[in-house]
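Below are structures written as structure tokens.
You will see two complexes here that share chain A, one where it goes with chain B and one where it goes with chain C.
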Partner chain A sequence: MSNRWGLMKFIGRRLFLGVLTLFIVSIFIFAATQALPSDAAQSVLGRNANPERVAVLREKLGLDKPLLNQYFHWLWGLVRGDPGRSMSNDVPILDFISARVVSSLFLLTLASAISIPLSLLIGAVQARRRDKTFDQISSFSMLALASIPEFVIGVILVITFATVQWKLLPAVAQFGTDRAWQHLDQMVLPTATLVLGAVPYISRVTRAALIEVLDSDYVEMARLKGAPERTVLWRHALPNSLGPVFQVIALNIAYFAGGVIVVEYLFNYPGIGGALKDAVGIRNIPVIQFLVMILATVYVLVNLIADVATILVTPRLRTRVS
Partner chain B sequence: MTIVSDAEDNVDGALPLPRQSFKPPGVMRVALRMWRTRIGLIITAALVFLAFFGRYFAPYGENQGIGVAMQPSDSPKIHEKSLFGSGELGRDIWTRFLYGGRPILISAFLATLLALVLGTIIGLIAAYNRGKLDDVLMRAMDIILAFPQIILALVVIAMFGATNVLIIMAVGVSTTPRIARVVRGSAVSVVERDFVAASEALGEPRWRILKDELLPNITAPLLVEANLRLTFSIGVIAGIAFLGFTADPLSANWGLMIDQHRSGLLGDQPWGTTLPVIAIALLTIGTGLIGDGLSRAAAGVDRQRGDA
Partner chain C sequence: MSPSAAATTKSTAASTINAVTIKDLRIVVDSSGEDIVDEVNLAIAPGEVLGLVGESGSGKTTVGLSVLGHARRGVRLAGGSVHIGDSSMLELDDKQLRAARGHLVSYVPQDPSTSLNPALRIETQLMEVMEFHGFGESNEARRERAVEVMGEVLLPGTRQFMRRYPHQLSGGQQQRVGLAMAFACRPSVIVLDEPTTGLDVSTQAHVLTTIRQLTSVHKVAALYVTHDLAVVANLADRVAVMYAGRIVEQGPTRTIFDDPQHPYTRYLTAAAPDISGDHTIVGLRGRAPSPGKRPVGCAFALRCELAIAECHEVFPAVTEVAVGHTVRCYRAGDVPDRTLAKGVQFGSSSTEGIALALRNVCCSYTGLQVVHDIDFEVHQGECVALVGESGSGKTTLSRSIGGLHRDWTGDIILNGSPMERSSRDRPTAQRLSIQYVFQNPYSSLHPRRSVGESVARPLRVAGVGKHEAQRTVGEMLEKVSLNASYAQLYPDQLSGGERQRVAIARSLVSRPSVLICDEVTSALDVLVQAAVIELLLQLQRDLGLAMLFVTHNLPLVRSLAQNVVVMADGKIVEFGPTDHVLAHPTEEYTKRLLADTPSITQALTSGTLASKPRRAISPE
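For the complex of A and B:
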């Protein structure tokens, strides 16, 4: 009973820290927009705009109110799910972003669903056949993959599979108003790019964590009892090495949140990463604010889930959190 | 960690262990015995040379036109002496390639340096002053970590425009928490050692304890992390350029080049994208190999078996 309380308290504290982080991030983002050389109304209408029109727009955007009011107005809007209107075409941000959020989430989910089991498998096989040929070769290729920037991996894939070498797959994702899952052939290369970027990290940590556990006394005990090596690996060793692996998976999903910008731009993928790139190009401040908040929220949430999951799969920690 | 010499231990009067009676090899030297480090160094050195001095061997000027845009090298529509043909705006691909590496390398190096200095200072202070200050510093680091690196840079670019100084600062600041964490993690155990207490008893000022007692004992993990961060910074800075945000859109840049010549992949002029892609891939594999050698050396793996 006391354990469960300890766990709840732990989750509560992490949740509080997560919300606090997001709150401070929101202040940062809002403060950053205040540092603009000219205010938003001026930059929309241009430097030579009629001062009366600027004043009207300022009033419409709420820029004439005190800074604190503006901030809380914006924050309250975010909490209610109303991030305001886009500055470039004056439509509600949600109208054109929500479909993109769905597409990006689909890409992230697909990439995670493939990279996580694949990395666990590679890490496990590497750990079991330590320093054998597979371990050596795969370790080396993982090292290369981990070093090359994501967009370069993506371009190499495009050169190899979509353009110069073989023309097997579409080089760009253009599904207009269709949903991403209706065009899985266009998903292959963007997903593969993210997967290839993430697998080296997760598999490396899996390998290291598994090697440590495989050398421990209780695994030796299981072996001595006559359990086959396969059972020892998957039933006894793997569950106990998941703690650090969860942390790295979380880091990687968070890393996807950044990588998705470059990858979506590369493949012309209609997600939030591409939208953020476009918004930065034309200084569409409300859209930038909203998208950065979404990405920071993804990051904080994923880390929170990973921390809780780590506690849940680690008996030692599970009893100690109180 | 164990291979870093602890001269202070001997000063304390402890019997010198056999291994400590001579100067143990530094991480660098151990790493250099491994083939992976040597290969990494050769690749990196070759590309750094190409990026810094290639421009002096360029056949044309950086912005000199040689004919019609996006023509392969054997096209009659361009100057006959073009190795890889022309790029968009009709400039020589080979020349642009020779010019385009330096801005990325300089920016990535400076950003890593900035992060190294800030991260080391913050990490050491946090490790030495456990408690409130540690908590506050590390929480602040966590908040910076909540922004993926490229997003932090994009926000800064959106606000102030893409200048070199801002991009370097954005990448440097977003790299800082990663280094601070490693420094703090390694220094925490050093703070507990006797020679730190001895220096405190002697009344050494705090900054000297940080600089002379803690720092020399964490050089191995710091070196590994610095190398890793340099590799990432190259990727982030090239990625920002790939998105089209560079200080000077006219000057050559590998990241920008990859983006600008993508249409050539579908036609018969793939070199504008392929050359910089190969260069960035090789460069990062080179620094990655050095980092792998360093981390193996720091972990004490392969210390006997230097051929791995």
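For the complex of A and C:
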């Protein structure tokens, strides 16, 4: 099928551009951490550190080599899947980060799996009952929710469900070396915080996109053809409103990936957010570099998926790429 | 018109029971209760086409949709009745309405490009109408019917074609799919809402023939909503004229055109450009009252030169002036005796100096040459019409002349000196002496600039001082029949016609020698169009302008231009004096274009489309 071939070519081109983006991102990350004018080894060890120890650390970090060397050495390591060793405890980064990446991905997946269908449903109902009571009340509360920062939402949830009001759920996540899904009760509050942060945005865009489509000529035409409301909504309206919805979903997932830092900190959740925070605290540069690259990759991938999904639901675009 | 009068109209066919009967229809704005349609009475017999004519905002589409029991958002069907057979459309519940729509009565929308769902294959959209209504025993039966109805609208019913998406069809094909959906379930009534407005004349001719055939063969009653009188003359058996939400005149098509009784109808027919006959179009100032803001009495009285005191007090009752011909006007009898003010005649062809000359002009678009070797001249004080269908390259050419499209080769010579490609590279004086008026007055005026600022802009560019510019702007606004106080207003406070006048004032304020008008009336109603054309001709004569009038509207050319250039596929196919080219076209393309252009005069002298020799229609 020429159609499929065209789409593959499109994906291929976008993947290439994605890799290019990551390459540029890697330059920025490197420049912002290791290559800063201030000496990384010095800043790790503190201003009053013993010069000999600084020199040892410099050598170990490769800071004594030319900048380009340092950069390509690091980049080559990344490409091979070896981000290097953690500075603080001298173990390979992958050894202690991979579990955290999995935990974070699990949290992200859980939050997405709940917030996306929930927001679509809310947005759809709002659009169908535009300006009616449900729409007005939910639109207002969504707006209110969107204006509260995540950590406040998190704190309120903790106060309400874990500490002061009702002691129903654990306030912090403590599953040590266990996997996150073995302690679902500890997942509830972190997930809920993320969901409550994302639903207002996705549902708002869904509502707006759907309202625009419901006002379109072709939806009026479908009704004038005698289409049942169910068909009008599911066959005629929804597929045409998915484009912008996919885009905002992608933005939110990407945001989950970065925005988890606050939430993970709040609940002491052992994910990459917590790891990043710790690494920044002790200037563990290789770990910072690696984690930021992971976040950038998630960003690029999620946006690519959203673009491909948009093309798949839009025949006009689909026939153009082929 | 009373229902009984409507019934007698069809006295020729004694057996008629009307397919649709609309009685005392009243439609209001939901929030304010102001009526936008009132006292509408219509009846259509099976197989009959009723043309519902009016300007934009007259409520004609609202009436059309009411036949399907549908009212748009914010509008409510408030009173009266619509009967199709035994069904009272305004009393049905949702389920019954759904069953009626698409089956008993169907709808063909104005703009096929936005009315077909971009995400669904045309097969899906065609098949689903039948599925909704359980039309046909099985899926196979429905598929057969789909192929059949595609044939009826002259589209291939092949699987490959049916699996296309709307964007893979041309505008004409899209509209045919719209017709196929409407006819699929063999409805008894069909409402057509300006279905040919956006189409080229040849496509329009095809679509009209198809509509005519289908309605007469299947005895479908059709309500054809439009502002295009030439189309109505060719298609409709009877015409109802709407003004500001009420029907002011109704009667057989020929009578409405030959013997209009209402002054408004008289103006409408006078304003309609016609391809045949030597008729100058006559405009009318002022605008129709907006929906719900109708004055007491006759809404037309404010613009009517025959108005008497009574007109401003009570809306006249329906008078039957002849069998089946009704009118609502106190002065009905007086109208035909009055001759309208004579329209502006254009002068004879000019022999004065050449203002604009094109030599071997070729234009390219994204690397592809779309306009080839164009040579023609426009003399001072002369209007040349550049005519062509969409895609002929006429707009690309005119934009190249204006310096808005820079990818061209050859010479464009303004008053003896060749011009640079892009207007940016042209000296200010040259830029000011060639001016452009755009098609859409709704987007060509800066929304945040007052009329005065917009019109003064070219003067300011020329370095004229603020106060002097202001004075000149005032004078210019008077010249385009607005007044100086309009300078304070913003575009959103103006009607379409007024905006276009402002755009014309802006283009003329710098005293250009050449004016390019790009489809300047296509967004305007017929009366407004006539007024704008009158104005342009007047100004052109007074100022000795050379004018290049780009249009796809051949009838308009007749009342406008001394010379005409016909373009197709980026080439000039014919060039010559307008009267000569329109009367004796030598090229096949021009002949076809002329044949496809609906003409009022021809329709009335030789009967409607159906009786004219037309292209073969594939049998059912």
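Just so we're on the same page, the second predicted complex is superposed on the first by the 281 of 322 C-alpha atoms of A that agree within 3 Å, B and C clash if a C-alpha of one lies under 4 Å from a C-alpha of the other, contacts with A are read in each partner's own complex, and residues count from 1 in each chain.
We adopt the following convention: a contact is a pair of C-beta atoms (placed from the backbone, for glycine too) under 8 Å apart; a residue touches a chain by one contact, two chains touch by 3 or more.
Values in this document were obtained by computation on a predicted structure and should not be read as measured data.
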Which of chain B and chain C A:Asn48 touches, first, second, both or neither
neither
First (chain B), second (chain C), both or neither: which does A:Gln182 touch?
neither
Of chain B and chain C, which one contacts the greater number of residues in chain A?
B
One more residue to check, A:Met221. First (chain B), second (chain C), both or neither?
second
Identify the partner contact of A:Ile24: answer first if only chain B is touched, second if only chain C is, both if each is, neither if none is.
first
May I ask you to decide whether A:Leu143 touches chain B, chain C, both, or neither, giving the answer as first, second, both or neither?
first
Could you give the residue numbers on chain A that contact chain B in one complex and chain C in the other?
none
In their shared complex, at which residues does chain A touch chain C?
215-218, 220-228, 231, 235-236, 239-240, 313-316, 319
If you look only at chain C, which of its residues touch chain A in the complex?
65, 68, 70, 72-73, 97-103, 106-107, 109, 111, 114-120, 128-129, 132-133, 165, 167-168, 181
The residues of chain A that touch chain B in their complex are 17, 21-22, 24-25, 28-29, 32-33, 35-37, 143-144, 146-152, 155-156, 158-159, 162-164, 171, 254-255, 257-259, 261-262, 265-266, 276-277, 279-281, 283, 285, 288, 292, 295-296, 299-300
Along chain B, where are the residues that touch chain A in the complex?
139, 142-143, 145-151, 154-160, 231, 234-236, 238-239, 242-245, 258, 262, 265-266, 270, 273-274, 277, 280-281, 284-285, 287-289, 291-292
